[in-house]
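Down below is the structure, laid out as structure tokens.
Note that the chains are named A, B and C in the order they appear, and that numbering of residues resets to 1 at the start of each chain.
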Amino acid sequence: MPHLTIEHSANLADKSDLDALCKRLRDVMLETGVFPYGGIRVRCVSCAHVAIADDHPDNAFAALLIRMGAGRSDDTKHEAGAAIMAAAEAHFAPLLADGYFMLSLDIVENNPALSWKTNTVHARLKQESAA
Amino acid sequence: MPHLTIEHSANLADKSDLDALCKRLRDVMLETGVFPYGGIRVRCVSCAHVAIADDHPDNAFAALLIRMGAGRSDDTKHEAGAAIMAAAEAHFAPLLADGYFMLSLDIVENNPALSWKTNTVHARLKQESAA
Amino acid sequence: MPHLTIEHSANLADKSDLDALCKRLRDVMLETGVFPYGGIRVRCVSCAHVAIADDHPDNAFAALLIRMGAGRSDDTKHEAGAAIMAAAEAHFAPLLADGYFMLSLDIVENNPALSWKTNTVHARLKQESAA
């Protein structure tokens, strides 16, 4: 049940291909082997009203937050996070070449005692791959 | 001070009545007896850019996150969460009948030492019910 | 790497200047001395679909959530939060005079073992202040 939410300043949509970002990070999450394919949900949340550091009009940010199921080791989570961050840095390389961009990633684990999920994609993917 | 935020893929607005969802979950939160009426804030956050599992165009998700005040027992929180999840499953029953939907609910507790609130609705409701 | 996200009901944009709110809270975060200038990211997330308490059409909310780096003392975090909440209350004083508004602030610390950041604003600001 991995969730990756990317909060970003609205101006980022003019500077970067956000659909490509979502798909690339989905692919990397899959490649880590940590996250089940049928549960990956990457999405962007655009923020129209912002105040970023010195308010330079070129200032932009992308704040990635992964919310994942409990049970993986710290090493596993750290490796997965590092791979996702590296992919985000590669995607945003043109922006990171200038002095106006803030990229971050944080991982939060769900409390398994207070977590529910109903997912019909897993079964469909399994059926399709068996067909 | 219960918060329920529902992040969802933008396409869910075409598949489901999101105002009805908010109202239904607000009602269920009230019915649990756990959450004070005047503090319930249910809201949806629509995500236009997404990558969900295999990118099937029908893929959609609703990710519910409750942020609540500390102090309830684990049992109380679990019962409340189960009731809210059951109501969400009922609302989304048509989508759960197919292989393209991911529904989830997580509960997070606030740290009471780092939590502030100023709410003018409680007093108004009390006044109105006394009138 | 402080993040301040303000989820709010969409109707708040008609009742309050959200750009001014973001800038004011950015300034207060800076004044606390707790948050590095070049890392401050304040943003609003507007929520079109909501259910707030009794559904009175004037009901509105602003839910502030700070996500900050680990390492400050509890006292320091509490003082910073209290200052930010006071500034938010001052900004929203007209709304707090009536019975239709919910304001809240919560602070969450990042897990330093699962936190990454790449920020090109710090270096630019340093360079500019040295020029």
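Everything that follows uses one rule, which is that a contact is a pair of C-beta atoms (placed from the backbone, for glycine too) under 8 Å apart; a residue touches a chain by one contact, two chains touch by 3 or more.
Only a predicted model underlies this, so the values are computations on that prediction, with no experimental measurement involved.
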Same or different residue numbers at the chain A/chain B copy interface, by half rule: different
Chain B on chain C, rotation in degrees - Cα superposition, rounded to nearest 5: 120
Whole-Å gap separating chain A and chain B, where each centre is the average of the chain's CA atoms: 22
Numbers and ranges of chain C residues touching at least 2 other chains: 45
Residues on chain C engaged by chain B in the complex (per definition of touch): 7, 9, 45, 47-55, 59, 61, 63, 65, 74, 77-78, 81-82, 85, 89, 95-108
Contact footprint of chain B on chain A as seen in their complex: 1, 3, 5, 18-19, 21-23, 25-26, 37-46, 67, 110-111, 113-121, 123-125, 127
